[in-house]
Amino acid sequence: MNHFPHGWGRPRDDIYGPYDHTYLSHSQSSGPNQHTQQPAVTGTSVLAAKFKDGVVIAADNLASYGSLARFTDVKRLHKFGEHAILGIGGDVSDMQYISRILNELDIDENYGSTGNTLNAKNLHTYLSKVMYARRTKINPLWNAILVAGLDGVGRPFLSSVDLLGTTFSSPTLATGYGSYLAQPLLRKLAETEDEVANVTREKAEKAVREALKVLFYRDARSLDRFSIAVVTKQGIELMEDEQLEGQSWAFADRIKGYGTQVN
Amino acid sequence: MAFIHPSSLLPSSNPSYSFREGIKSSAPGIQEHRFSPYADNGGSTLGIAGKDFTIIAGDTRQSSGYSINTRYAPKVFRIGGDDDSGTGAKIILAVTGFAADGNALKERLDSMVKMYKYQHGKDISVKACAQRLATILYSKRFFPYYTQAILGGIDEEGVGALYSYDYVGSYEREQCRAVGAAASLIMPFLDNQVNLKNQYVPGSGVGHDLKAKAAEPLEQSHVEQLVRDAFSGAVERHIEVGDGLQMLIATKDGIREIYTPLKRD
Amino acid sequence: MFRNNYDNDSVTFSPQGRIFQVEYAQEALKQGSVVVGIVSKTHAVLAAVKRNAEDLSSYQKKIVGIDTHLGVAIAGLSSDGRVLLNFMKQQSLSSRLTYGRAIPIERIVSLIGDRAQTNTQHYGKRPYGVGLLVCGVDESGPHLFEFTPSGMTQEMLACAIGGRSQMARTYLERHLDVFAGCSREELIKHALQALKESLSQDKDLTVENTSIGIVGWGGPDGAKGQPFKLFDGSEVAPLLAASGEGETAQDEMDVDT
């Protein structure tokens, strides 16, 4: 019998087992307050490549819940203004939050007489501050983001920011699994900023679509339906319901784990 | 998603009297992933002060683990320029470690130097800027900027000045300093080549009678070559160093930049 | 002594619908010396006459560079002006920090406008006793804005505020048509001429009392223009000389050097 006063009136451990503290939300339990410590519903890689007149960016339409393909028609590319678009991987609810604050920013900007003059570079700077501020509060937005478009003088712009607020820019970029699988393939397009001048839109778009296919073969959290956008001086061309073409699964026959072989 | 350890559902022999004493969600054996606000983005920087110049250099690779994020992400910055291109700046800051913190630190120091100019109508001295950087770093003593900084410029006597810092703001003025991933590779080289450590006057004696060579101010072109050699050596031996070398040279005429490619493997 | 019963605070309307404290504040800027601003299609220029409170004192600053694309001229209580200028400096720095963008002129003007307006609607507060001419360039071109203690702001093609500014305004109105096509030098000339119009008989423009600020637009493609440059002291001499203020200016130059 539990004779300690703080045990009175509680279910007896010897009958019901000890109280399962995991049912308590973190903030009520002892210890420090905790914010998001891991993502829930997630999007996988985002890919992008610069070419001489603009940028191509793509992401598939899947939102996964762990290993479950939970939502298969989620658009992860978001337009901002006339010449900027961002692709978001990672937590989908955080993605929707980011999309919302950017929409608010766009509305605020349009109150001015000259409209939204924020270009892709400005947008990336702003997003990097948002992401860094949230990580500093130990309450990160669990995303990896690529911002594509044109900078202040009309040159192609491509840069990334992640949940820590780390930023970097490169002729081609890929987040998540894509940074291992797709980025090495995309780098064949243009190794340096100077080589971007030799890349045509067709070449860039083809390379990105091929890289998406490779990801579909090997990334279990990916999908064959995807969105792809091309930003040039003419504006943003966004295609949101594309299908991977020319797949070849011949290699799968010989690999254990691809479905047909049980042991 | 919090994982429930099966053992926490079973009647336990341990008394469990209060919430505080209860089994925590991370039972031994299960490692719950926890958010870390820091990362290490690799890279190396170094600075050498001469008699009327200061060179601060850094490689341009930014990495996460074994992945190269980009081959061109500057770690060496102009502080207090008139605009974002940094024209008119006189002070150089280099940061290694966590790139996001490095950028935040750079921007904080930069806007502080700009406010100084606005309020006082003159450029801040390197000495004052160095002290201010220390207080900025120390102001985050209990949630530090995960960056090792070096700061350089020309002091009020026209002599090359170089300051190096730890994460929380202790700092000192030095002749030369290597910092970052390949610091342990480069620093001994600088000790030997800049401060002439372990160099003796030939034929000056045997054993304790050997006379150490006295360090003398080096020519700028000589220092530039030392920097290049230091980095091409580091590139061979450290995976996080490579791609490009950015050198910023502060003289009385302002800051000049030299970029040279490094091995990309 | 009292003009009426409705001027003890800035929150009470008079029966005629006026707020006297705000109107008195507008008078305060007439205590200051004159400042002139003009824009062309490519440049925006500010010119001001500085005054010294007494012979023994230095001249009060009239034009201040806020950012590389933006400068302000002050008429009225310069201590009130400094508060607004510090605020503008902070806002323009923070725009560069958060967006990497030079703050659009219209945006920063509306920020100080809003700030000044709140002073006219809270009991115990006092309107700023200062008028500003804000000139700068942004993506849409060069701009000139007028700001008054009421919090009113408006874009101008040319403007003069401060004591005895009516004569300068008359000059600007008379030459309004030519400003748009003016070159940098012509614009400075007009600004100095307008300044001169409003000087009293016994005064002249000299290197000591004249300030000029100029900023140039880079064009619609985002190219860099000429950053805001403040000409003060001996730097004004060539500009004065070029606009026919040569004699006095040159003499003083010789004495200086």
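Couple of notes before you dig in:
Here the chain labels run A, B and C in written order, and each chain numbers its own residues starting at 1.
By our rule, a contact is a pair of C-beta atoms (placed from the backbone, for glycine too) under 8 Å apart; a residue touches a chain by one contact, two chains touch by 3 or more.
Going by UniProt, the chains are A = Proteasome subunit beta; C = Proteasome subunit alpha type.
Nothing here was measured: the structure is a model prediction, and the numbers come from that model.
If touching chains are joined by edges, the resulting network of the protein chains shown connects every chain directly with every other. For the interfaces A-B and A-C, the C-beta contact count is higher for A-B. Across the assembly, the mean Cα position most removed from that of subunit C is the one of A.
Separating the centre of subunit B from that of subunit C, both taken as means of CA atoms, is a distance of 44 Å. Subunit B has its Cα centroid 30 Å from the Cα centroid of subunit A. Chain centres here are Cα averages; for subunit A and subunit C they lie 48 Å apart. For subunit C, residues touching at least two other chains, in rising order: 97, 100. Of all residues in subunit A, only 112-114, 117-118, 121-122, 125-126, 129, 152-154 touch subunit C in the complex they form. The part of subunit C that touches subunit A in the complex is made up of residues 97-101, 104, 106-107, 138-140, 221-223. Contact residues on subunit A toward subunit B in their complex (touch as defined above): 2, 4, 6-7, 13-22, 24, 29-31, 35-38, 40, 66, 128, 132, 135-136, 138, 140, 160, 164-170, 179-180, 183, 191-193. Remark: subunit B residues 82-84, 107, 111, 114-115, 118 touch subunit C in the complex.
The part of subunit B that touches subunit A in the complex is made up of residues 1-5, 8-12, 14-20, 22-25, 32-35, 37-39, 41, 62, 64, 67, 69-73, 98-100, 103-104, 143, 264.
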